[in-house]
Each structure stands twice: as C-alpha cells, then as structure tokens.
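Just so it is clear, A, B, C and D label the chains in written order, and each chain counts residues from 1 on its own.
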Amino acid sequence: MSSKGSVVLAYSGGLDTSCILVWLKEQGYDVIAYLANIGQKEDFEEARKKALKLGAKKVFIEDVSKEFVEEFIWPAIQSSALYEDRYLLGTSLARPCIARKQVEIAQREGAKYVSHGATGKGNDQVRFELTCYSLAPQIKVIAPWRMPEFYNRFQGRNDLMEYAKQHGIPIPVTPKNPWSMDENLMHISYEAGILENPKNQAPPGLYTKTQDPAKAPNSPDILEIEFKKGIYETPAGTILYHAHLDIEAFTMDREVRKIKQGLGLKFAELVYTGFWHSPECEFVRHCIAKSQERVEGKVQVSVFKGQVYILGRESPLSLYNEELVSMNVQGDYEPVDATGFININSLRLKEYHRLQSKVTAK
Amino acid sequence: MSSKGSVVLAYSGGLDTSCILVWLKEQGYDVIAYLANIGQKEDFEEARKKALKLGAKKVFIEDVSKEFVEEFIWPAIQSSALYEDRYLLGTSLARPCIARKQVEIAQREGAKYVSHGATGKGNDQVRFELTCYSLAPQIKVIAPWRMPEFYNRFQGRNDLMEYAKQHGIPIPVTPKNPWSMDENLMHISYEAGILENPKNQAPPGLYTKTQDPAKAPNSPDILEIEFKKGIYETPAGTILYHAHLDIEAFTMDREVRKIKQGLGLKFAELVYTGFWHSPECEFVRHCIAKSQERVEGKVQVSVFKGQVYILGRESPLSLYNEELVSMNVQGDYEPVDATGFININSLRLKEYHRLQSKVTAK
Amino acid sequence: MSSKGSVVLAYSGGLDTSCILVWLKEQGYDVIAYLANIGQKEDFEEARKKALKLGAKKVFIEDVSKEFVEEFIWPAIQSSALYEDRYLLGTSLARPCIARKQVEIAQREGAKYVSHGATGKGNDQVRFELTCYSLAPQIKVIAPWRMPEFYNRFQGRNDLMEYAKQHGIPIPVTPKNPWSMDENLMHISYEAGILENPKNQAPPGLYTKTQDPAKAPNSPDILEIEFKKGIYETPAGTILYHAHLDIEAFTMDREVRKIKQGLGLKFAELVYTGFWHSPECEFVRHCIAKSQERVEGKVQVSVFKGQVYILGRESPLSLYNEELVSMNVQGDYEPVDATGFININSLRLKEYHRLQSKVTAK
Amino acid sequence: MSSKGSVVLAYSGGLDTSCILVWLKEQGYDVIAYLANIGQKEDFEEARKKALKLGAKKVFIEDVSKEFVEEFIWPAIQSSALYEDRYLLGTSLARPCIARKQVEIAQREGAKYVSHGATGKGNDQVRFELTCYSLAPQIKVIAPWRMPEFYNRFQGRNDLMEYAKQHGIPIPVTPKNPWSMDENLMHISYEAGILENPKNQAPPGLYTKTQDPAKAPNSPDILEIEFKKGIYETPAGTILYHAHLDIEAFTMDREVRKIKQGLGLKFAELVYTGFWHSPECEFVRHCIAKSQERVEGKVQVSVFKGQVYILGRESPLSLYNEELVSMNVQGDYEPVDATGFININSLRLKEYHRLQSKVTAK
C-alpha cells in the first residue's frame, strides 16, 4: 500500500498515543513521533526507543523549555493573568508552545499532517489546532478522538489494552492512577474520575510537584528575585507571579496599570480558549510588554507552607520618591490643594444629589 | 461668645481627635462627638466619658457593624474587588459607612458642620468628604489638618502633647507604637514610620488580628460557608473572598463572569478613590448585584497557617450538569461538532496568516 | 409514508423558501409555514395563499412589530450600539425576534423541528439557531443550505427554477435584482453580486427606503421626539439613535455613561454575533436599561438630505443646572479649588517626569 | 522695581490676553508673548506688533500646524475617538500642542513662569497646566482668572475695557460677538451666552468654517484619501474620521479592532480631561499606533451638504480575500462546520436554559 504521506504525531510515550501511533500506520501514514521536553519528568530516551519500536519513521525529542519560559510563561506572568481570578494558566500556555514546534517539524520534514491525542471535549484540542492553522494554514490535523472510525473502535481503556496486546505495544505494569496529569516546568494539573465531583477533596497522594502544606517544612525559604528586561531564572510560577505583581505595583504608574489590568483579563481569556496565536493575542502581548518597560527591581520573598510572602523590594525606577517621603518635604503640594481637589470632585456628586431629590419628589 | 453652630466630629478617643475636639470648642463650635462601632476593639464607654469630660455637648456611639457587613463588605466580596490585584478593600470600605452615619447625625441634630481627623494627604479625607457632600450637599466639612491655623500650631506630636497637658486631655501612658492602625471587623491595616520604607519587613509584634503563620496552629480549621441571597454570618474577609470566588465560578455563566470582572475592576477603583457614594458606583453595584442572583451554595474551606484552601462545594444552581457528566451522556454534542467549531474559528486566523505573508513579502 | 413530524418553516414567500417548503414535504415532514410581519413591505395574504397551495398544513402570519420595537430596537437604541462604529444593528436585531416567535409556534403546535432558508455562510444562521437552542434546547433545526442532500441538488438559481417548474411553484416574472434585501421597520440592507466588490459604488435604483440625498427635498423636516420610560412612537432608527444620544448626554452622569459605553460595545458584539438570547446579553441589557432610568426629555431634530441635526432639547432631569448657569451663581466652587484640583492631579505626572529623566539618564 | 523674572504668556491678540500682558508687567514680570499658529485665521504680524507695543520683551509666533497634524490630530483620528459618541476632539487636542511649545520657549528663554488666559472653569485650564507640569515640573503657572487680585479687579467686560483705555490697549471697534470661538486647522467651536441654553438653536451667521447645509452647493465633491504610514494631506477632521474608519474596518482584524475600541474610549476620556501628556495616554497612544500598522489603502469619499459618504475603498492589505470571494472557492470551509460551530456555542446556552427552568421551578 502506498503511503498517504507523513504525519507528525505529538507523542507522550503513554498507552493512548502509542495506540494512535500504530493506528496511524495502519491507516497508511508514515509516522514521525514528536515529544516535547517542556520540563516534565519523563524518561525521554525510553520514549524514543518505544516510538521507534512501534514503527515511527523518525523520532524528534525537542527541548522547548527555554522558549516556553521566555516566550510563553514570561508574558503570562507580566500580564498577571489568572483564570477565574485564581489559577495560573499552566496547561493553556504549554499547548501553543508544543504545537508550534510540531508545525515546524512538519514543515521541515515535508509532512502534510499533524496529529494529537487530545479528546473531543474541552479546550486542549482547540489550543492545539488553532496554533497549527494559524502558523500553517495548509496543514491537515488528524484528531483520532474525533473520528468515528477511531472512537467507535476504542470505546474504553479495555479496547486500547486489547489493541496494545495485539500490536506489541508495552502495557504499563502499574495500574493507572484514576487521574491523568499534565505537567510542565511551571505547573502540574490533574483531571478525571473522582476529581470531577465538585464535592470531593483531593485524595492523599495526588500531589507530586507540591507538598501537602501540613507536611511542608516548618521554616520558610527566603528568595530574592530580580526583574530586569525579562531575563530571569525561573522559580515556580506562583512565586514569580507574586513577586512580579509586587514589583509592578512598585514601579508602574497606577493609571497605566488599570489599563493593563483590562488587557490582562483579555489575555487570560484568549490564552485559555486557545487563541495564543491570533492577531488579537499578539496585539495584547505587545501592549502588555510595552507596559513592562520600566518594571525592574528586586523582590525578597519568603516561601512557607506553600504560600508566598513578600518581605521587601527595591528598584531604581520606583515611583515612591523615598527622598521626599523620608525628608517629609512637601514639594508643591499644599493641604489646601486637597480641599480644591475634593471640592471639584464633589461638584458632580452634589448635582447628582439635587437630581435625585427631583426624581424622588416626582 | 456666641456659638458658630454645631459640628459632628468623628471621634476615635485617641490623642489627635481629642485635641481636635477641644480645639473646635476653642474656635466657637458646639461639638457633638461621634464614634462608630465597626467591629474594632475599643472601650466605647471609656471613650464616651472622655468626650463628655472634654466638653462634647453630646456623644453618639453608633453600632454600624450590621450595615457595614450587609451594605459595604458584602457588595465588595461579590465584586471580587482587590486593590492592586491583591489587597481587600478594608479601610476604603469603612470610610463611606462611617461618614454616612455621621451625616445622618448631623442632619438629625441640625448641625451644619462635620469634622474629622484625617490628614491632608492620602485618600481617607477624600473618601470621608465625598460621602458627606454626596449625601448632604449643603454640609460644611472642617478638616483641621488642612487648615493653616491648625497645622501650623500642631507641627508634631509634641505640640499635641503640650496642648493636651494644658487642656486636661488624658495622655496615653504607653508609648505610642511607631505605626497607626485602622481596624474594623473585616480587616486591620498599619501605617507609618518604619513601614514606609519598602525594603523593610514587618517588625515582630505588628500583627494583632492575624498570627505570624510560623506560629499559627499546626492543624487546619474546617469551615462551611453558605451563600444564599446575601445573608451570611461573617467570617474574616479573606475566607469569604475565596469561598465566594469558588461558588461564583461554580454557578455563574463564564461570559457573564467576564463582564462582571470588568465591572469589578471599576468598582475597586471607585471604592479605593473615595467614590462609593456616586452615581457610577451605585450603578456598578447594581449591576454586580444583578450578576449574583444565582450565586448560591455551600463551600467547604480549610484554614491553615493563615491561608484558605477550598475543599469542596455544592449548589442547587451549579452549571456543571453532574447527571450528564457522571453518566457520560453526550447529549447533542458530537465530536464532529468540535471540528466544525475549530474550523470556523480558524478561518480568521488563516486569513490573517495570508495577510502576514503579504506584509512580509513587501 | 408516515410523517417524520412537523416542522415550522420561516417562510418568506420567495423562490428559495418556497422550494424548501416543497422539499421538506418531499422529505416526509408536515410543514407549518410561518411568516413574520416585522414592518417589511409584503403582500402577506398572497404569501399565505401561496404557502397553502404548495402544501403547508398550516400558515401563521404573525405581526411581531410591536415586540420588535419594544424589546429589540429600543434596547439597541438605548445601548447606542453601532457595528464597526457606524452601522445600526438592523438585521441582527430582527433575527432573534423572528426566531423567538417561531419557537413559540413550534412549542404550541407540538413541532419538534424548525427550519430556515439562511445560507451556510455568515451570521444569520447563527443568530437564528442560537435563539432556537436557547429558548428550546430540545428543538431540532433543519438548515437545508447546510445539508449535502439539499445543496448538492440545488447548486444554483437554475436548479431552483427547474425544481419550481416541476412542482408548480410560481416563478417570479420580473428578473431578480442582482441584490437581495433584508427589510424591517427599522432598516433595510442589501447584499450580493456587484456590491461585494469594495471598490464599487451603490448602483442607481438601489435605495427603496431612503432617497439619494441629491434628490431629497430641499427643505428640512422638523420633528420632536419624547423619551419617557421607553414608550415612544417609532421614527426611523437613525433619527432615534441621534435623538437618544443627545438626551442621554444631557441627563446621564458622565461617569455612568463611560461605563455604559463599554457595556454598549459588548452589547453590539453579542447582538451581531447571534447571542441576543444568552445569559451575558440578558445581563448587559439589564445593566443598560438600569442606566436609562433617568433618561427622559424631548429632543427637537431636523432631518435634511438624509442627515439628522439636533436643534434643541429639554428635560426635567437635566444635569445642567440652568438656574445656576443663568444666574452665574458660583455655589461652593471657588477658582482656587481648580488650582488644588490641578495640583493634586499633577503630582503623579511630575513624579513620572522625574522617573523618565532617570530612565533617560541611564 | 526689580523684575520677578520672565513669564511666557499664551497671547491671542484679543482684549483679554492683552490686558493680562499689561497686568503681568504691572505685577513686575518680564513678559514674553507667544502666539501659536495652529491653522486659525489670524493676522499674526498685527498681533506681534500689538504685543511689542504693549510692552512684551519678546514675541514668538510659532507655527505648530505640522506637529499638530502629525502628533495630535493623527493619533486622534486613528483612535476613532469621539467625545460623547459624536464630537471630534478639536479643542482638547490643540491645548497640549500649544502648551508644549510654550514650555519649550520658557525653557529656552530661561523663564520660570508661564501664563494663560483660560477661565477658572472648565477643562481648558486643566489641559494647559497638566501639560506644563508634565513636561517641566518646576515651572510655575500664573492663571490670572483664578487669582483674586485679578478676578476681583476685572469683574466684567467693562472693567477690561476701562483698563484697556487707561493702558493704551487697542479696543476692538466691532462689537464683540455674543460667542467666543476656538479655531484650529481641524475644527472650530463656539461658546457662551445664547448657546448655553440647551433649548436654543444656533443663530444664523454663527458658522464661519462650515456652511449651513441648506445653502451648501447642490452637487457633491469627490475626494480620494490615501492612508499610508501616517503621512497624509489634511482635509477636514470629519472627512478624515470617516475615511479612516472605513479603511480600518477593511484592513484590521475584527478582534483586534474590538480591543482597540476599548482603548479608543479611554483615549477620548484622557484627551478630553487634559491628560494628553501622561503615562497612561502615552501608553494608550502607543497601543493604538501599534494596531494601525497594517491600516493602509485608499478611500473614495463624496462630500455633500456637509456630510461624508464613502464611495469605495481598496487596500493591498484587505482582509477580504477577493480572489476567494469572486471565484466562489470554498477553501477549507464546509457547511457542516457551521453546524458544529453553532452546536458548540449552543451547549452553554442550553445549560443556562436548564438552570433557568430550575430557578423558575423553585
């Protein structure tokens, strides 16, 4: 059978994408396996051997950690973007970084297809594929979990196990955790089963990257983080988030910051929904980066029981004029000015009060 | 000397406002002392006696805790408003509540003047006075720390002490802390001296309302908080903030929430800068309250070492259709729909890519 | 052949939906024809006869003009929403109104299906179907122009004509205009052919609802429009838009208006993209309506050569205190207050200047 | 009497600033008169002679038209900023441009003071002075109309006339119009007297820069405007505004445009309230300029009876893929994709409907 052409598969080394690798071959494709090193714990050489053994024509293990930190994590930290006002955007950030390299490989290798193991639900497939189409409009995406010929055949884990046995795919000896993990150098997330019921607490043993605070050391760690033109050594995302927030508030004009906050909300939405590689996200990133030009300085933080405490900060570009403050020099500012400021601002409020009385009187 | 009329003074019982009380009398005013009980630790009866002894015509000790919780804290919690993306708006919330009652007293007692001890710097004077002018446009505010005849006479703490001695004002026996505190049932803040240098850490002994996490108990406290039409018993602001955020994300449509987030940013700005009693803040509060109509449910939280962990939540109005999720019913949603969704969304991105190539080619 | 059940078809009386009517019958459906009177010029009784003759089981001609004006046009006018900063949202507003009535008919008649003649491109299909799914999640939409069995059979106008001849569908005697029109009581729009080339001007004879300004009367028309609790007699959308803008600026606090402007942008986006019936659009409409509570008054306008000129306005709730203005009473406002206002506002700017010098000096 | 130093006065040649010139001399200042040529009709040489005759040490007539167009009007046009959704920002734009040059002259001439004739009401004084303080924090502004020694002496026009007579200031022979004008190359505005009553129409004879539409020529003028990297020949602001809007919508991604719209609202607010020279306005201008990088092309407009009609446009960077459109090539877009797009978008709406039923059922 003549080949349908080459497909670059985002390969994890696990059961699912191993089955997909073999299945793609079965469908007549030449499979190029691609595994991104984005800071997760993984035996990359083991994965390479496995892919080759399963019939991959080529295997690319690509270390994208540096670009992940510099081009993805860093703008996210600068945006102070949180999902739902509380979560860092770990998984959402990794997808466009991983998929971008995958598209590069496809273009370099002359492959017309890319493939991934994301399910047909949720945003991961969207993040993955919008990246591909943005960067290479002609590319074709093969998403097996959305193809009836695949998902009808593999209706549960047992079908995958059976298929694995038949095709010499190594089956994990340890029973699978009831959750799946998504890990990168910034973050780890868990999904599925027991965790889907919002009433349930996290089961013991879930955490691998962080510690249960109750078991964490009883003395704090002290760090100093320096922000200067975007170059930094990367501690965990949460620490970086808080330290950056602190130095930003210390060096950025408050009115600029308000506008930047609105842009940060938009950024978080775009990243979460898969639009990292879009004209609007590019525009927002540019604007946020502009706002950061003078965000420089050092922050001292204490990390204790999984929480981050800011101890102090200093910056050559601080907006707090220490000299004036400490010498109690008043400069051009007279107390009577505050009276004028208040009076002028109250004019509108007084007029509104007059109007309210009219409305009530009617 | 005939009286210039009555002035309602926001009296704290401390050295500064005691001096102001006597000074106002000296200027020819009848002084009505007003002390708001907003949840702070205070010997209110002691303060009453002191005010009367210093010559106040009347003293009003008003418990505004209930309205503070229901009308001020609660809308702030619902807005998820933070100052600088991290601080709850404790002090900013208390001022308009305290000043509103003060204006009521002035109107009831026929006083044409109100007075306060806020300095001529910072937002507190603004929050105080804009409230007064909004609610009673004809009222006159006497702000001694902005009047040359006052601040030239009292140029430092020693001048106040000297004046106190001359006028029988009791002088605090314990040396004053190098910081001043602003406390209410939701929060406490510290200001001044050593704390103004951003390089400095908080000195030991500063915290009165919270504990140094390192000394906090080694086992967590578990709480359950119920949200239902705004009625709630009030735990500390931070716990409430996190619990509300959780139940909100669980019950509010995500697109409504995005719009509400923008309104929350505006709300925080307005409250911080003193515009609680303004048409725009009234409007924003109304809109945010509208967004909360279906935010109902119970949240279990664990409080450990000063941090809040969400354990679980449940709500009759959850947007997560548990039935569908648990039974794995797909409903009307077919995997091919996701393909269509992605394709339609990618059209614009592909077109943009085409255009970029054109620009690059030029 | 037993019926597949009833389908309510949005019927226009034209060639396309006449063919769809017959085709749906052919597929085994009982067809209920529905024609909305939304202010367009149409011989409704002629359309009724035609539908019955083609085999419709029932025909409903529903006058939705009143609800279109009160529930759709009016909130849009209040929002000051424009698409791309210049177009009123005519077509986008009509769709959810028309589809809502269609769903009502389906529910009343026990029909499980609704159908429409919108093409597979553009937003009209989205506006139509999101309305249906929002209001009746169980309903099935039959969109022939997206079904291969339909669009493969009818690949052009000739195929429709041929089919019409075969099935006794009356064929329009006059040659079709090279453009199609969408008309309602507020607006009319044109689409297709020559108009798609952005270089082309509108051909003579295009305008039916408005006149070429060069041929319009040489003397202006003067109107007076009264705004009061949403009740109004409906002139054309453009006049209403300008008159409302004028009375709004005259009666609404400027800071409320700024917040409302942001909500108006969101509203325009939601309406244009088909999300009228969504929680977020409902929320935004509620907020905008709240902002309008005091927008009352009369506006005099002159309409000349297709343009609207505001002549004057009056309102019992004007924010311009005429008494103060005309008597030149200064109230509590002293010139020195402006100095204070400017000084306080300049503090931040001066500090920024100091910082800039530092940055430049580096 | 020794001089208090030099003051640069923004001089118009009219009665008010002529009196101010003499009065400043009287107060002991050396007066440098400065008159900006910003496109208004003015006999500049006549003004120069007058200033010298009245005792100005130096006179500077500065042509700032070019920088006004390039650095002020152009960013405003790009922002599509309107005040109150309808007015171009003419006066607000001119002030920071005029004041910036004045500060330059003061610095060059070693003058510690600047002065202007703006009244103590309204935004003009704010626009003027915030510019001065932003660009030269050490400068002192002398605002006679806010100084009691000035406004108590000149309580009306008669006092000015009297003073003029005494000091040899030429008095205008024609009676003053009951309105004052602010003119620049982009716009003209009128203020005062009869115009302050919102019920009144503009009196005949008011318009000098535009014509009453009823008297305008009966045939349209056709223009072609080219947008390319900001270089353009300047027609009137309104024409430019509409032409730019058109080419922007034609070439800018719609999601970028939505974000830019929000920034445009902020820009309009900042300019109107006097914050052109502020970190936040600088930031917003930068972001808006970034959004314009690909806004290029030609627009044909017809100007008729004072209104602007867009006839057509073309651009090498159009987002409308004419090739695809005209050849009716469908590309990667299948009708079934629209179904998927609609289905995915309806999931949330259906879930919301389910929830609403629950709420209603309670």
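Points to keep in mind about this one:
Here is the rule we use: a contact is a pair of C-beta atoms (placed from the backbone, for glycine too) under 8 Å apart; a residue touches a chain by one contact, two chains touch by 3 or more.
Only a predicted model underlies this, so the values are computations on that prediction, with no experimental measurement involved.
Ranking all chains by how far their C-alpha centres lie from the centre of chain B, first place goes to C.
Of the two chain pairs shown, A-C and B-C, the one joined by more C-beta contacts is A-C.
Between chain A and chain B the centroid-to-centroid distance comes to 32 Å (mean Cα coordinates, whole Å).
The distance from the centre of chain B to the centre of chain C, with each centre set as the mean of the Cα atoms, comes to 42 Å.
A straight line joining the Cα centres of chain A and chain C is 39 Å long.
Within chain D, contacts with two or more other chains are made by residues 253, 255, 258, 262, 278-279, 332-333, 336, 338-339, 341, 345-346, 348, 350, 352, 354. Interface residues of chain A, counted against chain C in their complex, comprise 253-255, 294, 316-317, 319, 321, 331-334, 336-341, 343-348, 350-352, 354-355, 358-359, 362. Those residues of chain D lying in contact with chain A across their complex are 253, 255-256, 258-260, 262-263, 266, 278-280, 283-284, 286-287, 290-291, 332.
Contact residues on chain A toward chain B in their complex (touch as defined above): 80, 84-86, 120-121, 125-126, 129-130, 133-135, 137, 143, 145-148, 151, 196-201, 213-214, 218-220, 245, 249-250, 257-258, 261-262, 265, 269, 274, 277-279, 304-307, 309, 311-314, 318, 320, 322, 325-326, 333, 335-336, 338-339, 341-342, 345-346, 348-350, 352-354.
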